[in-house]
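Here it is: the structure, laid out below.
First chain written, first letter: the chains are A, B, C, D and E, and each begins at residue 1.
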Amino acid sequence: MTTVLQQLFNALALGGVYALVALGLTLVYGVMKIPNFAHGGLYMLGAYLSYAGISSLGLGYVPALLLSAVVVALLAALMERVIFFPLRNAPHVQPMIAALGVLFFLEAGVQLIWGADFKQVAEPIPGILNIGGVTITWQRLIVLVASVVAMLGLNFFLRRTLTGATIEAMAQNREGARLVGINTGRVGMLTFAISGALAAIGASLIAPIVSVTPAMGEIMNLKVFAIIILGGMGSIPGAIVGAFLLAFAEVFGGYINLDFAEVIGFAVLVVVLAIRPQGLFRRAA
Amino acid sequence: MTNPSTPPLSGAPLLEVQGLGIRFGGLHAVRDVTAQLQPGRITAIIGPNGAGKSTFFNLISGFYKPTSGRIIFRGEDITPLRTHLVVGRGIARTFQTTTIYQELSVLDNAMIGHRVRTRAGLLDALLRTGRERHDESESRAGAMRALERVGLAGQAALPAGALNQEGKKRVGIAMALASDPHLLLLDEPAAGMNPEETENLMGLIRQLVSGGLSIALVEHKMNLVMGLADDILVLHHGQKIAQGTPAQITRDPAVVEAYLGSHAHGGQMGQEQEQGGQPGTVQDAGVDHA
Amino acid sequence: MMGARGKSTAAWLWIPAFLLAAAVPFLHPSGFTMELLINVMIWSIVTYGLNVLLGYTGQLPLAHAGFFGIGAYTVGILTLKHGWSFWAAWPLAVVLCALGGLLLGLVAFRTKGDAFSIFTLGVGVIIQQVINKWDALTGGNDGLNGIAPPAGLDTFAHGLGLKLNGGFYLLALLALALTVLVAARARHSVFGRSLLAIRGGEDLARSAGIDVFGHKLRAMMLSTAIAGFAGGLYAVYVGFLGSAVTGPVTTFTTLLYLLVGGVGTLLGPLLGTALMYGLTQLLKDLQDYQYIVFGPLLVLLVMFMPQGLVGLWEKVRARRRPVSAPSAAEVSHD
Amino acid sequence: MLEVRDLSVKYGNFTALHSINLTVQPGEIVVLLGANGAGKSTLFRTLSGLQRPSGGAATWQGTPLTGGKPEFNVSHGVSQCPEGRLLFPELSVEKNLRLGAYVHRRDAAGNERELEKVYELFPAMVDKRHAPAGSLSGGQQQMVAIGRALMARPSLLLLDEPSLGLAPLVVEQVLAAAQQINAQGVSVLLAEQNAYAALSIAHRGYVLESGQVTLQGTAQELMNDDRVRSAYLGV
Amino acid sequence: DKVVNIGFSGPLSGGAAAYGKDTLSGLQMAVDTLNKSGGIKVGNDKVTFKVVSLDDRYLPNETATNVKRLTGQDIQFIFVPHAGGIQAVQPLAIRDPEFLLVAYSSEPKILAANNPLTFMLPPRYDNYAQPFVATEMKTFGKKLALVGTSSAYGKQWADLIESEWKKQGGTVGRDNAVDYNTTVDFSAAVTKALSEKPDVLFIGGPSQPTALVIKAAREQGFKGGFIVMDQAKFEQMETVIPKNYLDGSVGVLPTRDFPGTQSFVVQYQRAYKKIPTSEAGLNYMGMNVLAKAMELAGTTSDPRKVRAQLDAAAKALPQSKTVYKVFGVTPQATWTPSS
């Protein structure tokens, strides 16, 4: 029984990790329809910047996290301006390949600067919470809470604020958006900046749990794309549910055979899409 | 007002819909429509914006599956058929906003429309079988016939996107004609055309019908509708509120109120206000051919 | 009409090109050059397969490396463990991949657009993982080692005064020629025109009377069959199979080749593969800076050569020679 | 006043507009007649900033409109109901309309008032306010496009074939609305295939052929012109 | 003067880059020191070395391509640091053109191939099983659970430990191998392994993820011991997790007490600013043995002749270069260092 409970917590914590990374991606992929494979790269960079902030600049955990968020946000905005904006009318494969190029670049660049070795970020609040034999670390709890807060915030932002609406408007019809007076250039950059900041914050929160390596973004990429499609493109609650679903599938699917844990995530995706081609949270058009 | 070449109303209907309906979520876009289309005639479907006209066409062409009712075409129940099979049975359509393959040549567009009449598949293509060669020349010929009918034979080699608006509309019609249909559905063919172009289009439609084709069209241009249609079907809120000859329809007060306003007699906008017909009820004004 | 003329002149160019290419091994280039050329040919075959779906039909499948793997492992397992001849195993591998494509298509084509791509990506990952985990059949992580060259290839090569490599080269060239022929015919045919219609707009194609689902399925089968065709060849050429080569990285690499060469063109897959494969080999000398250069290069290629090499070539040609087709200006006021 | 001077627009090496000159005085309705492909939409797109001209100038109340920044133009009172509608298909009708008032985003009360006016003009939209714009019928979408242009509370309203796909009754209402808006001091530039209807509400008009202005005059003059009558009035 | 190129194909980017870089660093350092001391004398030539390294991202197929490229450049000595790549290219070594494959992997299968041109650097890991199992079983108890990495290499390790554990009379739970390179959070796998209440866990993959597995296990209250696969290095794990988490673990320990070890460690730390592991140490030594063998064989271009002198070279290696103690190179393929 405690094992099941423990696994429940494990799955929740893992889902939180996935959700945090997936959220930034939903914004650019789900809303703006740009398959930004560089998202994993931004995530990875975010982790490294936090690491560097702490270990090289001697910053505290939170200032390092904030610094990382700001830098990655700026970088993401720059990326939009230089790469994705010019490609806005191209078929999807093109921004996708360009994004892969950015991912390669970031990965190699980080490896060049910080080396290929795994880095470790210390937990800001070390220690374990033990509830009746079930243990969960504080950091995982923070990740879990942060992912839910980020989701609520993002949902509110998109659905309830005018800026949120302008992002969606621009994604759906750029000329139309300009006609009503939206500065689409700025909105595009803003969107990427938010997405980048989310990736960096997520990465900084997750870094103490995992090893920080140049390749960490690659691993995450496929998973978060799967999550977003699973939840239904553009649906923010969908992304969250997708994230937890994937985590649960991986954790409990492991009971069938742990070896297949990663496949199980994709198997779930394939099954869900076979039954509901539009994803879980999207109404059939 | 009635087309002189109108055949008599005897014989089996070309198309018959019975209790046809579809809902989108809570919205009943088309509801319980029963109607018949006679062969060799031009049937216009009119009604306010959002009345369900395009949806009605989408149902007939197999593009949407109805949530209720049946569609019978030339005596066969085609309700469950997938779109390409419906086209194969002889119903072709054009879209409300002109959709053609802009980057392909005019001829290619028409040849695509002829695909449904050919059988050559992947293996034929790979092995260059006799059927492939036959079908290829056959689609070329079929496409050229269609282009000639719409007067585009001379522009066959041009990219379709290079044509003007009217030309594109004709490409769309040619694509539909290339499938050798019995019934052609035109959704707002004259939208965005000026009177001169509209006149040309009407000539084209008349010519097609005299060649034996039956046509159903949706249009808001009343001069076109009144000048062409043998029969008019009026939809409102997804329901049929009247069906009859132009003369009958223009006199139908329900139609006048819901839709026509001052245009009951096909007058141009802003011309002398004309009073629309005599009072009467839907039932006795709209003559159903059922 | 124009298209037809362009097509036939191009067709005439392919034949001397292949004949010339066949002479290459007789000039006894270095082992590495041969290795490079053979790899380019094998990978461009995969790219042609991808092109059938992405280029002709407008669907982006991301399970391609998986089918490449199924083809390769079919040949590997049958020849290595069951003593089959390569010449029997190879066609079977192609058929298996076509059937696999059929199965995948039946389900995957329920989804559209990006969801289709991610769905197939999921299937690709699953294929790779199954290959990786099914130790008993595929050798799992160890892979399959020691797959023998096709029977008779060595003798054949020696008969021509070539090394085994030369034999592989000629075999790959033949396979490539066949693939190009298939790709050309699949494109310039009644069937191929229907694929283009689907690429241009599914709804329109559907209402024009095209059996969209059926055509997509067949395109998928052809596409995966070609991938398996390349896979079989790869298995005997490299002699070793590991599951890694059947994963998404390989798919994305091929996609890159296609994009650089020119999506939907006949020459593009070959050109793109040659350039990008060569380039990656070249960049390896840059060591740690390899991806620092490669990444931005990718971005630049995509941004400044959106139509790929073939598109670039056509643009240059169009600029040099005044177009004979009437421009939009001339036809819009008739 | 809208002043268009020697305006030329090119698509690649094809010239769509050849040194156009035209004006719209404050408070005027001016109609633009022309066959398909004459360049009407090109002119509209240029005036709203979506298209950059290759030569010449256009100013509204002295403000240049040719900077290629639609957001600048709309914030200076020029708003367009474009050809092809350019709606946000997945957003609700109401969000589409509200985004039309983006330049007045700080004036919430004013926007509410304007929204009410649009719903009054198109009562059919009230039922559809929460439906995604893309699910609407063609004519309904046209209503949203017009409504969205009105939400910007322009001083110069550019209507590119607003009656496209609208039922006759609604066409009347739209043109009546244009007249009414004009009565409140808004200048209107209108392209319309339905030349008779357009001329009957307009003060003046221009005829555009192959990218050149070939005829201009008061509405009455144009209506009596033989060429106009045969080509655009179908008489 | 002659420059002899030494080939290398290993993961220099991607998930296993750290590992590949470590192996390369040892090779590179050996070459640098050899060159700095004026190179070696082969016949009458003064010979210096140059490393030609190619990235294969840990993909065996890429290794094969790289090796063909290296041999195409007339390189006859090639280092490959991963079992998959080694096995992929072993058949190539004896094809025309031949080359000496310097294999850094402890996978016994590499020896089983009986390839006359393979030189295996690390001790084959099957030597570890018996002592590891005996120690842990005696200290903690008879129940073992497995959470190794799911690489080919890791799985074979797990199989070995499993059968040895059973042989010594213990019980083994289900195999819970996970991929150490791609797993984001090890908690679930650890929970599952711990649900069988084991006394000892078999773990191991790259050092850092291995440390995280240990951490997860300790955090979930595991008090038993660990058998750590040789890929994970204690000296690296110590930098990630509290030292006391490692109490009661057996694994391959860093070597500190051989004559050359001290100077190697000092030199290495100066050059690379980190602690050297056996990845660096064994490749360093391997290169030195190779250079010595060239001297003894009097050739830099005949891999078979050089191969024949490896044993003598290993024995003749100066003390100052002995990071690990070596008894000699067996005719089969490997040498037998002690650890």
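FYI, contacts are C-beta pairs under 8 Å (C-beta built on N, C-alpha and C of every residue); 3 or more make two chains touch, one makes a residue touch a chain.
Chain identities (UniProt): A, C = Branched-chain amino acid ABC transporter, permease protein; B, D = Branched-chain amino acid ABC transporter, ATP-binding protein.
Source: prediction; values computed, not measured.
J.: Smallest number of touch links from subunit A to reach subunit D?
T.: Minimum step count, subunit A to subunit D: 1.
J.: Looking at chain pairs A-E and C-E, which one is connected by more C-beta pairs in contact?
T.: Higher contact count goes to A-E.
J.: Among all chains, whose Cα centre is located farthest from the one for subunit D?
T.: Ranked by distance of C-alpha centres from subunit D, the top chain is E.
J.: Compute the distance, rounded to whole Å, between the mean C-alpha positions of subunit C and subunit D.
T.: That gives a centre separation of 50 Å.
J.: Distance-wise, how many Å sit between the C-alpha centres of subunit D and subunit E, to the nearest whole number?
T.: 74
J.: Once you find the CA centre of subunit C and the CA centre of subunit E, what distance in Å lies between them?
T.: Averaging C-alpha atoms per chain gives centres 37 Å apart.
J.: Could you work out how far the Cα centre of subunit B sits from that of subunit C, in whole Å?
T.: 43
J.: Where in subunit E do residues touch at least two different other chains?
T.: In subunit E, the residues touching two or more other chains are 12-13, 150.
J.: Could you check subunit B for residues that touch two or more other chains and list them?
T.: Residues 164.
J.: Among the residues of subunit D, which ones contact at least 2 other chains?
T.: Each of 37 in subunit D touches at least two other chains.
J.: Over in the complex, which subunit D residues touch subunit B? Could you list them?
T.: 35-37, 124, 128, 135-140, 142-143, 161, 164-172, 175, 193-197, 200-201, 230-234
J.: Which subunit C residues qualify as touching subunit E in the complex?
T.: 30-33, 35, 39, 140-143, 145-146, 163, 238-242, 244-245, 281, 284, 287-288, 290-291
J.: Would you mind writing out the residues of subunit A in touch with subunit D in their complex?
T.: Residues 162, 165-166, 168-169, 172-173, 175-184, 234 of subunit A touch subunit D in their complex.
J.: Show me the residue ranges of subunit C that touch subunit A in the complex, using the header's touch definition.
T.: 54, 60, 107, 110-112, 114-115, 118-119, 121-123, 125-126, 129-130, 133, 248, 252, 255-256, 259, 263, 288-292, 294-299, 302-303, 306
J.: Considering the complex alone, what residue numbers of subunit E touch subunit C?
T.: 12-13, 53-55, 58-61, 64-66, 68-69, 71-73, 84, 87-91, 96-97, 109, 150-153, 155
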